[in-house]
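Consider the two complexes below, in which chain A is the common component and chain B and chain C are the respective partners.
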Partner chain A sequence: MRAPRAHSGRAAAVAESAGVAVTVEIGGIPILLNAGDPEFCALIERRYAGFVNPAAKPRLEFDFELAPAAEPSDEDARVVRKGPIWFFHRGDFQAQWDTRSRRGCVRQSPNPYSLDSVLRIAHSLALADEGGFLLHAASAIRNGRAFLFSGISGAGKTTMTRLAPPDAKLLTDEISYVRLCDGGYRAYGTPFAGELARAGENLSAPIDTLYFLVQGSENRIEPTTSKEAAQKLLRNILFFAHDRDLVRQIFDAAVQFVSSVQVATLVFKRDPQVWELVR
Partner chain B sequence: MIPASQNRERVKVGLAVEVLRTSGELQFMARGASMVPAIFPGDLLLVRRQPIAAARCGEVALWSRNARLCAHRVLHCVDTEEETAIVTRGDALRDPDPPVTTDEFLGCVYAVVRRGKQIDLTARRNALSCAIAYLARQSDLVSAFLIRWNSFLCILAARQNPFLANENADLLESQ
Partner chain C sequence: MSERYIARSRAVAARVLDGEVMIMSATDSTLFSLSDVATIIWQEADGRTPLSSIVKNRICPEFDVAQDDAYRDAEAFTERLASHGILRISDRPILDDEPPASAS
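Let's turn to the complex of A and B:
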């Protein structure tokens, strides 16, 4: 895999206007993807429609080297740090990212699944530096506040989004984006979709409550202690690298989150009335 | 309402206690200087869960009170008909702590990891370390000197081996 090319801002703009680069801004963090190939670039623009922002100044940058098509991999990505450089590796992609220059390169086939994984890893690392995280949770905005519904696969994340009333703006049914901004937590929409197969809206709002989902025979909210909340939250945060500093950052972020945001258990049945509890 | 910072500490201690109760082992970083020279700020403490009745004089007991963890040396045990308690004191402190009850007692620190080396805390202390502890107890100046000296050694060790990053280096730089 070749080293990242040195780009000036002007060169990046030229590459974007030539249709071989695209800036995707998720969670307010713009990433310039130098696809190097118009077809792959078009695929990225379709995949992340609603999150493409050519006007944004990139905070991270990736050069792509396209490899022959490979089967999407089910194995876990391996993410390791050597000095200032992170290496991401899975059967279907290889990537590296230099934390000093905030630039990296990716070798993958032109498929959106590998790219999704690379972006999730890059965002999770960038977020960890500032006290945020990606969470296995559906999220939506209602009355100007964001509500998160967290749980493992099958807990009911997609079900909650399907039951949502028209006034709820869906941020995601799979991966919630949590950032610490100005001393408070905000949830952002993401294009990372689950069973709903629909990208979230590119919006953000201050987080009101994090609910842990439990399916039951009635709708009710149960209190959760901060300790229980931290345990459950740590289980559901997307975590790719077994790195000591990263573990500490994620641990501190989870503890900080449960200490400052309302957390509860939402017992629910498959019934739209559950949203009457969420407002 | 509990302030967020206090709640944060409460959550951390709660999680640590949970880990110790479920797995029987706990590792955590020392922050205080009350056990100098046996334990320095930045040392990694290795703790094993055990019943309070198994705690012996000279061992370093870990206990929790008011949402804080404390690792101090056992001075003596107090057995009453109702329950067993222990009296502890930090090596660098003059006064003993109020008796630690069964509910508060969590286990014993059996070793610390400092500059990449594991140091056994269950072995009997030699006369030199007892003498240094006595001096640290009598003088804050001696205690402060020992902490700075240890931090200096940690910086040297980190320079020789960058993977051996130790909290002590950060502590010295922040002082």
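Let's turn to the complex of A and C:
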């Protein structure tokens, strides 16, 4: 895998205008993807439509080296840090990212699934530095506030989004993006879709409540203790590396989150009326 | 019987939540919530105080338990935490320059 190329801001702009680079801004963190290939660049633009922002100043940057087509892998990605450099790889991609220069490189075949995984890892590492995280949760904005619905696969994340009323703006049905901004937590839309197969809207709002989903025979909200909330939250945070400093960051972020945001259990049946509780 | 010394690992994150100590292992990301007795053992695990002294001077007076029973439970507990990299166990004092994790 090649080392990252050195780019000036102007060179990056030229690459973008030449159709071989694209800046994708998710959660307010722009990442310049030097695709190096117009077709792959077009694929990225289609995949992340609504999140492409050529005007944004990149905070991270990745150079891509395209490999022959490979099947997306079901195995877990391995993420390790050696000094200032993170290495992440799975059967279908290899990547590295230097935390000092905030630049990295990726070798993968031109498919969107591998790229999704690389971006999720990169965002989770970038977020950890500032007290945020990616969470297995659907989320939506209602009345200017964001509501998160967390749970493992099958808990009902996609179901909740399907039952949502027209005034609810969907942020994601799969991976919620949580940032600590100005002392408060905000949820951002992501293009990372689950069963709904639809990207979220590129919007953000202060988080009102995090609900852990439990399917039942009626709709009701149950209180949860901070300890229980932290335990459940930690089980659902996307967490790729068993790195000492990263574990501390994620653990502290989870404890801080449950200490400052409302967390409850939402027992629900497959009925749109559940949204009467979410407002 | 040789003495057993225990020290909190540096490879953990620990915080107090709802009055209980929660610990996460950086080795395998296992999450622990400690009971009252376990919290005392964790807090006293300075690498210098023998486990037997912790049991005798801190556990037994506070929880009104027999010393032998309490020591057996403490041994099992410390071994479980050690298996997740949360505590270190030695038959001699564990002296480090770097302070171990503490709950805040």
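Throughout what follows, the second predicted complex is superposed on the first by the 279 of 279 C-alpha atoms of A that agree within 3 Å, B and C clash if a C-alpha of one lies under 4 Å from a C-alpha of the other, contacts with A are read in each partner's own complex, and residues count from 1 in each chain.
Please note the rule applied: contacts are C-beta pairs under 8 Å (C-beta built on N, C-alpha and C of every residue); 3 or more make two chains touch, one makes a residue touch a chain.
The structure presented is a predicted model; accordingly, all values stated were derived computationally and were not measured.
Student: Fit or clash for chain B plus chain C once both are placed on chain A?
Tutor: In the arrangement built by aligning on chain A, the partners chain C and chain B clash.
Student: Under the stated touch criterion, which partner chain does A:Q215 make contact with: chain B (first), chain C (second), both, or neither?
Tutor: neither
Student: Once chain A of both complexes is superposed, is A:S260 in touch with chain B (first), chain C (second), both, or neither?
Tutor: Only chain B; A:S260 stays clear of chain C.
Student: Which holds for A:S226: it touches chain B only (first), chain C only (second), both, or neither?
Tutor: Touch partners of A:S226: chain B and chain C.
Student: Quick check on the superposed pair: does A:V247 touch chain B, chain C, both, or neither? Answer first, second, both or neither.
Tutor: Touch partner of A:V247: chain C, not chain B.
Student: Check the residue A:N53 against both partner chains and state whether it touches chain B (first), chain C (second), both, or neither.
Tutor: The answer is neither, since A:N53 touches no partner chain.
Student: In the overlaid three-chain picture, which partner chain does A:F239 touch, first (chain B) or second (chain C), both, or neither?
Tutor: A:F239 contacts chain C only, not chain B.
Student: Counting residues of chain A in contact, which comes out ahead: chain B or chain C?
Tutor: Greater contact footprint in residues on chain A: C.
Student: Do any residues of chain A touch both chain B and chain C, and if so, which are they?
Tutor: In the superposed arrangement, which is not itself an observed complex, chain A uses residues 225-227, 230-231, 255, 258-259 for both chain B and chain C.
Student: Quick one: in the complex, what on chain C touches chain A?
Tutor: Spelled out, the residues of chain C in touch with chain A are 10-13, 15, 17-18, 20, 22, 24-29, 31, 33.
Student: Show which residues of chain A lie in contact with chain C when the two form their complex.
Tutor: 225-227, 230-231, 234, 239, 242-244, 247-248, 251-252, 255, 258-259
Student: With touch defined as at the start, can you tell me which chain B residues reach chain A in the complex?
Tutor: These residues of chain B touch chain A: 4-5, 7-8, 10-12, 14-15, 18.
Student: Can you list the chain A residues touching chain B in their complex?
Tutor: 225-227, 230-231, 255-256, 258-260
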